[in-house]
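Across the two complexes that follow, subunit A remains constant while its partner is subunit B and subsequently subunit C.
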Partner chain A sequence: MKKHSPFFQKYSVSKIGESIFVPFVKMASRRLIFISCLFSFAYSIVIFRLFDVMVFSKIEEEKTVSQIDTSVAQIRANIYDRSAQMLATSLSTYSVYANPKQMIDPKESALKIAQVFSDLKYEDLFEKLTCDKGFVWIKRNLAPQEQDAVLKLGIPGIYFQKESKRIYPQGSLTAHVVGLVNIDGKGVAGVEQKLDVNLSQGVDPVELAMDVRLQHILVQEVEKSVREFSAKGGAGMVMDIHTGEILAIGSFPTFDPNQTSQIDPSAMFNRITTGVYEYGSVMKILTAAMALELNKANLYSVFDATHPIKVGRFQIKDYKGQNRPMPVWEVFLHSSNIGFVKMAQLVGVDAHKSFLKKMGLLDKPKLELPEIGYPLIPKPWKEINTMTIAYGYGLSASPIQMARAMGAVMNGGYLIEPTLLKSKEGEEIKKTRVISEKTSKLVRTLMRLVITDGTGKKAVAPGYEVFGKTGTANQQSGGKYHSNHVTTTFIGGFPFSNPKYLIMVTLDDPSPTKATFGYTTAGWNAAPLAGRIIRRIAPVVGIKPVIDEEDRAKDHMNLVQTKGILYAH
Partner chain B sequence: MKRYFFVLFGVVMFMGFGLFQLKYHVVQLEQKLTLVERKIAQKKEAIHVLKAEWSHLNEPQRLQKLVEKHLAMGPLHAFQLISLSDLSAIPQDKSAPVQGKIPDVFFSKLEGF
Partner chain C sequence: MFSITKRDTSYIGRWWWSLDRWIVIATFLLLGIGVILIMAGSPSVADRLKLNSFYFARRHALMIIPAVGLMLGISFLSLKQIRYLAFAVFGFAVLCLILTPFVGMEIKGARRWINIFGFSLQASEFLKPTFAVVSAWIFYLYKKQPHYPWLWVALGGLVSMLFLLLLQPDLGMVVMISCVWCGQFFLTGLSLWIILIFAIAGVSGILGAYFLFPHVSSRIDRFLATSGDKYSDFYQINQSLDAFANGGLMGQGPGEGVVKKYLPDAHADFIFAVAGEEFGFFLCMFIAMLFVFILIRSFLRVIAEENLYLILSVGGLASGLGLQALINMSSSLKLIPTKGMTLPFISYGGSSLLALGLMMGMILGFTRKRFDPRQEF
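For the complex of A and B:
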């Protein structure tokens, strides 16, 4: 040993002798082995873990806050019409709020903010910014430019919150059906309210049975008639009588769901589902169906309508009476009150009541809307009630309820629940037979007669074989009926040879005009309205018109003469 | 022993460096991923807004106004519809200019596009 460490020197001078080093060397080497084992073990763990991470473990993505922020905060499900036209959707917007406790200069901040938002007042803002809370909304759902402007102000204590705003791309067109949500995104009207749970989960979009094209035609024509006759309001609906799908449903006046602050609450009233009315002669469709179904009469049974019927103090008379005995088809064609009263009397009170019950007129109807009106039924139901209900007074029901019953009369005798939802392909439709195929056909024939030879002539739509019935009911107020205020209705279907669609329109208190020669009966206002709608929607739904070639040639000549060359031949 | 130590040290350094590189790379990729995901979300939202706008532009009332303003078209009349099988029943107008063959002029005009 040439060189000795201090350790060895120390011990070498201690004269303990060479042998003394042996246990130290042994101990040192043991320690070395121990430590290297420890390290190897530790490294092997590291290597093992490294191997594990690189080879075996799958990459699991952890969601960071920023990612959650950017994902479309879902968000209420969309609502579509039957051909995937968007009726309601949610867009994300930002809302601005303040933490007044962090405000340095509330006065200046309020001034600055008031300059950005013309609709917010300085006083209100100042009050908000000086209150003793940690959170106050300043404005919800900003436009992007507004958000930008607020950002540029750079006021401490002002924050943004991502929110979603419900918008309705079709505006007022589908307002009564689709409904509304409130500022917190909760449905408060229409389908938005009724299907709120499904929609707010945001899983599946809701597909309505509605067709915006038909809806547009219906709403536009109804509005036109309401204006033409200075009516208080009007409504209409189109329904597929074999599936119960409601293709169009419109009520006027209407509202714009995108402008919630300007909505007149009375405009939100849905006349088709909430309004209950007496329908006058339209009810005679059911009276006739009942008498025919119960074999109390056939088309040729004669009823004497010569004299008015006296009941206590008042009389049941005919409007423009024929004052003679008539067979059922003529009673229907001329809409004789007397004839129908006698028909109902022949059936009897109990059978009448149970028939109307079967047709669903005595119970609250079901529909995917929260706004559903209860029918008004006479209690107690006496003979006089049966007599007046036979020609359409004394029982009020919503148009949707009438449409359900009329659908059954038109479609071959099945009562089908109307629905606002598109029925899925292959889905079996729940239906209950309420009248026979034969009765249905007979009543349809009677209704066709009304269009060709009766009060419904103005509902004619060449080629589309409309059938239907008009009804004019005096309105009641203060327990009295007023003959100068009426509700006019047209219920019909088309095409006659293979009925598929039901149309119902009603006008509330239409006024007479020059063109109607002073009349306010349904034949002069509701029937032409229905005719216009059918003429426009039938080609859209793809019904092949049944046309006489001679008529076509005549029409072609008219077109060429009146409009010059409309299309080149 | 010494050599063994150096080899081991080298391996450790190498692996440490490798691990660092890997980690660094992963962090970079993650940032990229976040960025891409954010972009996707933004685009999705933009598409959603466009869809809503498209739907708004397709509002029938607006379309009707446009059609009335720009096109000489009106609601389809029942008399304008005819089935293929009925076509033979229509009398042929000999003086009509367009019959059967499509004039060449339609094709020549297409070249400009």
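For the complex of A and C:
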């Protein structure tokens, strides 16, 4: 009998042949059963784990399961003009992004994606797909065909996000008012920004007061004049003076909100609401209204404009001066600086200041736009400031502020906050009386004279009885005024017999042309621009032209000259 | 179906009545489930590889025919014939293993496949079942002839096999073969002290693999890393868990799985996750129980035969099968690090199916009822 290996447990080997295996077989069987138990135990753990993973754990809310994110992005509300012309709408699109950490083969994926999008470069894509992030945009707002093509690539780690793309059907026409959204659908300019919360909730569309027809005429004519006079820019607006609704508002140069990549930031500057300017003679409307309202003068009070006024080392002169004493209506008609300075001096600094405050010239207007400029007010406000502000220098305000004040002058004396939103039917318009009905009518009378017999003759729109005032202001730069760089403005209203609309146009640094005989004053560029606009928009807004306008103009002049106007009121 | 009476003493009749038909049924069930799951899991993989959507499904279904033929054919053989076959295939597989480092195809950083007659074979797949029989025979001889150094032969055989497999490198197979060998040694009567020593050696072996082989250490590192971040590198295993969770108790239904599309190995190593997502917990449990059933059923059969060689052979073969399934399931459930091991009968793989056919054929052959206990083996 051989000695046993120490590796084995001791079993007596007593039989020869196969029977010697019996104890071994018994042990092996026992051990086999032991192995079975081990396996059963291990498999029970697997089954327990299965139950745990499959029944108890829920997939986190995170969307890893579906490749297309079907959660409905809130569609941004549309913007319409007053007659439901679409100004801004949203198309629902898909954007494609990648999770580079889930990329199996970034090289191949980048190649495939580059084949779908001709505007994406393989190198850029490869860099994106190999970066150490869990999220990179590949392309925003795909066309349906592009989305289909990407889906068919079947690349793991590529996902779609439902988004919406903002479309502006009127393009640059309404750009400054409507504004635009950024790639993430957030308003970054214009009404889109100011009303972002309302719009993004997507509940009610926004209806603007704007009338696209008027907007089109305004923008077209302003652009024409800007080109004609090689001006740096131009702007204009049309407002309903009884409701404050802005029917048209345009600033040139403009931009196309549908081509965000090509926008020149300077073109986004809104000259009507953001820019603040000195207006020159246009300001005299307010000076006259103030003197009349405060009973410091009537149309026939005489102011001596014979001699320039000396203030310190400079003097206030008239442009094409009459060099004689004149009644107020002539001071207005000839736009005598000297006359208005004297008128304002009569009123006094404090009353002047509080009158302009009342007219809203010293406060930022509340318009539904984020791009609102603050007025530049002299500090301290001394006698000299009152004197210069009287004829339009030393106080800078935005055109929208001027329109607010002028609206009050024209509409019978109510200051109404201008608005870009359409007034709802039956809605009470908030108005504050700032001047009397009578003052309003007298100033309108004076403004009518400017059109019939003064600098505003070129603003005539036959039959629509325009009234208004031109203003040419020397531009200031480096602390000096330059007489060869001017801002020309026309503010007016129509029709005279039943004023309803305010129009304001302004040109930035217009150049003289042959047709203007070398002049760059507002009467030669802003006034004809306003006239052209009124001639086109008055029929659109449904104003019935008067057929005897010239006769009426003569009667009007006669009435003023014979002091008949005094008795008419 | 069959109408074979117990009185039928023909070759087929004797085979039919001695065969363990329960194991056959369980195997066919697993194969059937496999076909369905591959149809569910492989199209997205095939599409990604720009193949026909049902490329894998079709190939798998085609490979089942020779595999089943192999299984049934081998089950007809006598114990002696099975042993000869096992030795022959073993020798062939070893030859292939020696050759693969020189002529093999490199796939995913490993050289495991060898091209034979236009068909790529993974030699190590055939090594596993035949090695179990060969080592069972050596262990048996050791018991029968204790005065011969059969133990050293067994040990030397194991070491040389491990060496060959490490050249590939095929760590999964190393673990399998070591476990089978140790299991057989254990069955042969290894003293419990020695088992302790082996356990220590096993643990240090795993640690050694961790430090020596970068892909093993990265796998273990990733497993140990807290992978709460869904977008960490540990993508596949998290997708796998998502698939299970998405399936729930009843599953999403055939073809309704979504997560499976983002499982790079949905047709192979992670097919269990596809089963979970589309067919739910009950099918997964059923699959697991089928493996346990085959294992325990074959164990009980050979225990009844009271034959050490059979116990060692079937113990090794069935343990290998049960262990492989266990490792695969545990990996896809994140119980253990991913091992790169397929789910027997269910995962896609031509070599694997043929080797399984070979193995099941041998198990069936071994577990047939022996009317003559002195039948030569």
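Observations
Keep in mind that, in the parts below, the second predicted complex is superposed on the first by the 466 of 569 C-alpha atoms of A that agree within 3 Å, B and C clash if a C-alpha of one lies under 4 Å from a C-alpha of the other, contacts with A are read in each partner's own complex, and residues count from 1 in each chain.
Everything below uses one rule, namely that a residue touches a chain if its C-beta (ideal position, glycine included) is under 8 Å from a C-beta of that chain, and two chains touch if they have at least 3 such contacts.
Because the structure is a prediction, the values reported are computed rather than measured.
In the superposed pair of complexes, A:M27 makes contact with subunit C only, with no contact to subunit B.
Legend: residue contacts after superposition of the two complexes on their common chain; A:Q220 is shown touching subunit B, with no touch to subunit C. Once chain A of one complex is fitted onto chain A of the other, the partner contacts of A:Q476 are absent, as it touches neither subunit B nor subunit C.
Contact with neither subunit B nor subunit C is seen for A:S301 once the two complexes are overlaid on the shared chain.
Legend: residue contacts after superposition of the two complexes on their common chain; A:P545 is shown touching subunit B, with no touch to subunit C.
When the shared chain is aligned, subunit B comes close enough to touch A:V212, but subunit C does not. By the touch criterion defined above, A:I47 lies against subunit B and subunit C together after alignment on the C-alpha atoms of chain A. Look at A:T130: by the touch rule set out above, it reaches neither subunit B nor subunit C. In the superposition on chain A, A:Q322 makes contact with neither subunit B nor subunit C. Contacts of subunit A with subunit B, set against its contacts with subunit C after fitting on chain A, overlap at residues 43, 46-47, 50, 54, 64, 66-67. Remark: subunit A residues 43, 46-47, 50, 54, 61, 64, 66-67, 70-72, 85-86, 89, 91-92, 167, 169-171, 173, 212-213, 215-216, 220, 461-464, 535-536, 538-540, 544-545, 547, 549, 551-552, 555-556, 559, 566, 568-569 touch subunit B in the complex.
Of all residues in subunit A, those touching subunit C in their complex are 2, 4-5, 7-9, 11, 18, 21-22, 24-25, 27-29, 31-33, 35-36, 39-40, 42-43, 45-47, 49-51, 53-55, 57-60, 62, 64-67, 99, 101-102, 104, 134, 154, 156. In the complex of the two chains, the subunit B residues touching subunit A come out as 12, 15, 19, 22, 33-34, 37-38, 41-42, 44-45, 48-49, 51-53, 55-56, 58-61, 64, 72, 75-79, 81, 83, 89, 93, 96-98.
Touching subunit A in their complex are the following residues of subunit C: 44, 47-48, 143-144, 146-147, 151, 183, 186-191, 194, 230-233, 235, 239, 241-242, 244-249, 258-259, 261-262, 264, 276, 280-281, 284-285, 288-289, 291-292, 295-296, 299, 302-303, 306-308, 311-312, 315, 319, 322, 326, 329-330, 333, 335, 374.
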